[in-house]
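Order as written gives the chain letters A, B, C and D; numbering starts at 1 within each chain.
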Amino acid sequence: MSFWNDPLKVAADWLMGILTGWGMPEIAAQILIGFLGILLLISVLMVLDIFLVWVERKVVARFQDRIGPNRLGPFGLIQPFADIIKLMIKEDTTPGGADKVVYNLAPMLSMMSVLILWAVVPLAPTMLGVDLNIGVLYIIAAGAIGTLSIIMAGWASNNKFALIGAFRQVAVMVSFEVPMLATLLIPTILTGSMGTGAIIEKQDIWFFWLAPLGAVIFLIAAIAELGRAPFDMAEGESELVSGYNIEYSGMKFGMFYAGELLHAFTFGGFLAIMFFGGYRFFGLELVSPFLAIAVLLFKAFIGYWLIMWVKYTLLRIRIDHMLAFNWKFLTPLAFVLLMVVALMNALLAGTPTWLYIVGMFLSNVLVAWGALEVARSYSRREREKVEGPKPVVETAQH
Amino acid sequence: MTGEQITFLIVALVTLGSGLMVVTTRNLVHAALWLVATLFGVAVTYALLHASFLAVVQVVVYIGAIAILFIFAVMLTRKDMRDQGPQMNRNWWFGALLAVLTFGGLYFLLQGWTGLSKTAAALPSGFDAVGELGNALVSPDAYVLPFEVASVLLVAALVGAVYVAFNPHSGNSGK
Amino acid sequence: MVPLSWYLIFAAALFSIGLFGVLSRRNAIAILLGVELMLNSVNINLAAFWRYGNVMDMTGQVFAIIVFAVAAAEVAVGLALVISVYRRRNTVVADEIDMMKW
Amino acid sequence: MMIHEETARLLTWLIPLPPVLAFALIVLFTNRSKWLSHTIGVGAAILSFIGSMLVTVFYAFRVEHFGEHPIESAINWLPTGNTWFRIGVLIDPLGAAVLFFVSITIFMIFLYSVGYQNYGQPAGDHDRAGLPPHGATIEEHGHKHVVPSVEPMYSRFFAFLGLFAFGMYVLVVSDNLLTMFVGWEIMGLCSYLLIGFWYGKPSARNAAVKAFMTTRIGDVFMLLGIAFLYSATGTLTFREIFTEETLHVLASTPAAFGMTASGLIALLLFIGTVGKSAQWPLHVWLPDAMEGPTPVSAMIHAATMVSAGVYAVIRMFPLLTADFTGHGLTTTMSIVAFIGAFTALFAATIAVAQNDIKRVLAYSTISQLGYMIAALGIGAYVAAAFHLITHAFFKALLFLGSGSVIHGMEHGVLHTGNHNVDPQDMFNMGGLRKKMPVTFWTFLIGGFALSGFPLITAGFWSKDEILADAFGHGHWAVFVTLAAAAFLTAFYTMRQITLTFLGEPRTKEAEHAQETPWTMTTPLVVLSVFAIAYGWVGIPEHFPVLGGLVPNWFHDFVGHTLAEVPDAPEFSWIPLLTSLVVALGGLALGWLVYRNVKSVSDDRLQIPLLKNKYYFDEAYDFLFVKPAYWFAETFVYKWMDKGLIDGILHIFGPTTGGIGSAIRNYFDLPVINRFFGDGSADVTYWFGGKLRAIQTGRVQQYLMLALVTFIVIGVALYFFVLA
């Protein structure tokens, strides 16, 4: 077994040998190695996070017909480091009347809720933090901690804007958790397991082709969960002046900010894992784990780019519309889709593969079409309530 | 003492400690946050018991929904965010006595039970607790009926909660 | 290995703490917090008995799940009641909500 | 093509279902929509029709030795002690033949009803639910017309028809007497509902009650027969009863009146048939049943109810003949033969003097049913079944045709606006052949089939077979009676045709009659095809010239229902010549007498005795109805109830009142009220006042109290009980 085939195991064995050679008890060595592995993963992610700042700024600039950072380093690549230095040397303020412990705990929890997600991200066939048999649920659980961090930040800031922003954000997150969970169950049904590793292993056909609508709903719910535009009412600058993190400055704000970026990237990754085959790309992942990681990162970046695309293209939605959209449209749709997929999956079991794919795809398209029709007739009725019926076009006089 | 026992003791002490903080701290938001810590400790206890599904559901349901709801409720029922007056009622000493008595009684009863020092058998290899649980929840010869009853209860409770908490005089009912 | 008794005593202690909260706190929401603690201690018992009994018999876990559902329902209704009472009587102190006497 | 046996079995179960589902759907949901109602109704009839065709044409008629291997399927239904009462379906050759004609005629009647109830016409000007439609005024090209209006209770009609069809299908496919009886009673209910369909008319109401009560007499005896049979054999399943051992046991068990058990049971069941198939002396309800809409008459007279009666006797034939040794009829068979033959002649004489087009057909039906019964009485099993089926086809055809005529006449009545003209009276008609050609030709075919017009019509073959049987086995009395009845049949049939269709119109209304829509004429055409062609499947093998050209398939097929196939009678010229003479002679005489009749006064056969049906209604009224009224009014009400019972009550009343007030004053008030009532309340009040201090309204204190109690009781229990 060479380093190139299974780098982590080789490295771990090597370290094990060294540590036990130093006379360390085996269990302690295992714990130490585990910590080192976590440290390595987090370091990589933080570096990636710094890079993401640059990506985000570059991309938003292009969307807005600007050039973006271009002074420091090639293509402005050094810019994020300058940002970090600025954040670090800024004054670390704490508002009067703030609940100090909670106030300081919130940004950490926020960052943590993102980082722990990577425990179940399969980077390569042999690289998976924990192969939880409930990996899918774990994602939702981590989201719950993110929710907690936001409400802690909003409450502890002792600021009305922060509190209102937190309320809104929490309401959105709690609500959109439901359709997200429902769509996450679609890969679960198709796989027969909740483990992320098993889900990827099962994707000889991308689940996107079996449940395209599921992928779309997952993307929408993920964007809402992230609190990014068009679902960023919680931090609407024009009315809440940045929402729950209004009182934070310096590195604490930096942690919220970096957490959000990494969160977006992570959900891009989850989109890839759940619906686009994760690290798999025509057998490339079998060649080398490093290639597999590259494939996963590439797919995650595409997902991330999609999220950014949406963010910088669409307008902000009002909070009650956002919640109504979720409870009255997205959640029922997700549940209907879940049932349809489960039913079709059972019905089409044992049929030829092409028929299976076509049947699943068409059933999804059908559900999507029906849902859009319902939404369209509803919106027409709403419009007519406001504007009155559409005027009949008068025929030209002969 | 094995590693597992040490872990359990630490988790149990932390959980009980934060549980005590829940019932004694003056600031209700802090109490709710201490509740989160307690619930997290219980989730870890589930994990120690190899009930991973319960652990994750504990986090999703309790921390993600119930604790958040508590914090919401605390904030909605406070005119300002400071606490005034005592947090304990006049009979708190009697409540404490009763709690201690209950614990003592339970401990006494447990002492007399023979199955107490039982240790867990190793899990069968390849045992899929989540799959088994899923089957048990939906198979007709197991618990599908209680499961459905629970879901009906939940729906009824939510509808009732919306009805009870809905304020017809506030402005949010109209468009 | 951790013997069963540890879990049971742990659960009993958590139950008593919750009971103390229920009996002693003035704030109705805090009382509900205590109830949550009691429910959790019950769940610990259920999970422990599952683990230490026949693992193939999922009754313990199933009922833990049902307790989750009941707890969620209890919190939703309980908090709704508290908020409703707060709207009408402007208090959440349990001792002051005592119209139902004599 | 042939369907699989399993499929046939399943289909047999399913055949009765569509009509009853249609009934439920229409009654519950589609009452508002006429279109939906008749679509569901006709659709259900089509489904059952297809099912029946699959089972009969594509299975039963093609299986070798179908008689030995019928379609059989049964399920456990009712636990009876240690065993189960099983119900199921059975299609043997007889059932298949009956199912075949039943499904066709039912389908045709459903289709016909759409037109008959004026679907597509405007709602009437002053139509009310419960009365026949009166017509609607419409404006067309500037002038006003009166056109037929749609039936106000259109949907309800189809619902009832559906339930009726369900009853008939249940009866046909049943493999046991009990479910057969259930179907039988469902039809009884439906005939009540349908005869009284226009309940706004007192005559319809009375007719419905009469039909229901009269058939009920028969049904009670039939139920007695079923109960007797069940207690004697322990089963009601046909195939279990008709085993040789069971029949032998029944035939050798003596019962009352010098009859064997089998004979008595058969007689009791036969009385049910007498009611259902309107045999003398329970025939009185059937002519009155003409008050219902015409498709109902067709349904009752041809396809279903009266056929059901004969079908039941045919079904029970092995029981009827269980103690029949071959020489000399048994008591039961003699009774059956007598009643059948008598009814055949008796009803035919009445039919001769009737003027209402439908009433003639009604008496004709009674007469023809008498034919079948008589045939059964003398043991001519196959001939009876054959005549049952051919009769069903041509009688349905005739009824639907008469409905078509009435419909056309109503058109004329609406046109002239003279509502005094009865559109059913044949003397108001005449010359309709030009106005309604399709109806005329089909009616002619039906009429000729009824009269037994030689060689080409189905009626000839079946009737001839009965006569041949009667002759061949030496039952002279029966033979002569039936021949006379056949002569009368031909006579009144031709009278009817002549008065209705031939000659010149006798009224303005007849001049303005109109042909009916396709929904009504299509069934006529289809049924007329069967009225001719169905006879060809039963041509006797020894018949001169024609015999053997077409194999006598019917005899072979239906005969195999019985354990031993009955022999076809020897060919003889006498019955053949007889039937030729009576048929042709009757037809010729009818035409000769009536071709020049202009009005009722010219008709010399309007004899009061015949016109008034031998005064049977009056006699029954005097003998049964009046005494019953007297019994109820004078004896029960005035003497028993008012005098005796009320008198006793008047003694009891004051006495108990006195005792009651004494108890109240000396026991209730002082002891119960003062001491127990007020006393316990006072005590409770006092305790409550003391205890209310602990009800503080504070939840936590309650909980504490509960816990303290719990702990105290727990400790006490532990130390005093467990330890």
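Going forward, contacts are C-beta pairs under 8 Å (C-beta built on N, C-alpha and C of every residue); 3 or more make two chains touch, one makes a residue touch a chain.
Predicted model, so just to flag it, every value in this text is computed and none were measured.
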item: Chain whose Cα centroid lies nearest the overall Cα centroid; value: D
item: Chain whose mean Cα position lies farthest from subunit A; value: D
item: Comparison of A-B and B-C by number of C-beta pairs in contact, larger one; value: B-C
item: Centroid spacing, where centroids are CA-atom means, of subunit A and subunit D in whole angstrom; value: 74
item: Averaged-CA centre spacing for the pair subunit B and subunit A, given as whole angstrom; value: 28
item: Subunit A and subunit C, separation of their C-alpha mean positions in angstrom; value: 33
item: Computed distance of Cα centres, subunit C from subunit B, in Å; value: 6
item: Touching two or more other chains - residues of subunit D; value: 700, 704, 707
item: Overlap residues in subunit B, where contacts from two or more other chains coincide; value: 53, 57, 65, 72, 89, 91, 94-95, 98, 102, 129
item: Per-residue overlap in subunit A, given as positions that touch at least 2 other chains; value: none
item: Pairwise chain contacts, counting only pairs that touch as defined; value: A-B, B-C, B-D, C-D
item: Residues of subunit A that touch subunit B when the two form their complex; value: 27, 99, 102, 132-134, 137-138, 140-141, 143-145, 147-148, 151-152, 155, 158, 163, 167, 170, 174, 177, 194
item: Contact set on subunit D toward subunit C in their complex; value: 692, 695-700, 703-704, 707
item: List of subunit B residues in touch with subunit D within their complex; value: 89, 91, 94-95, 98, 101-102, 105
item: Complex contact set, residues of subunit C against subunit B; value: 1-10, 12-27, 29-30, 32-34, 36-37, 40, 43-44, 47-48, 50-52, 55-56, 58-59, 61-66, 68-77, 79-84, 86-87, 92, 94-95
item: Contact footprint of subunit C on subunit B as seen in their complex; value: 2, 4-5, 8, 12, 15-16, 19-20, 22-23, 28, 31-32, 35, 38-39, 42, 45-46, 48-51, 53-54, 57-58, 61-62, 65-66, 69-70, 72-74, 76-77, 85-89, 91-92, 94-96, 98-100, 102-103, 106-107, 110, 115-121, 123-124, 127, 129, 132-133, 135-137, 142-143, 146-147, 150-151, 153-154, 156-158, 160-162, 164-165, 167
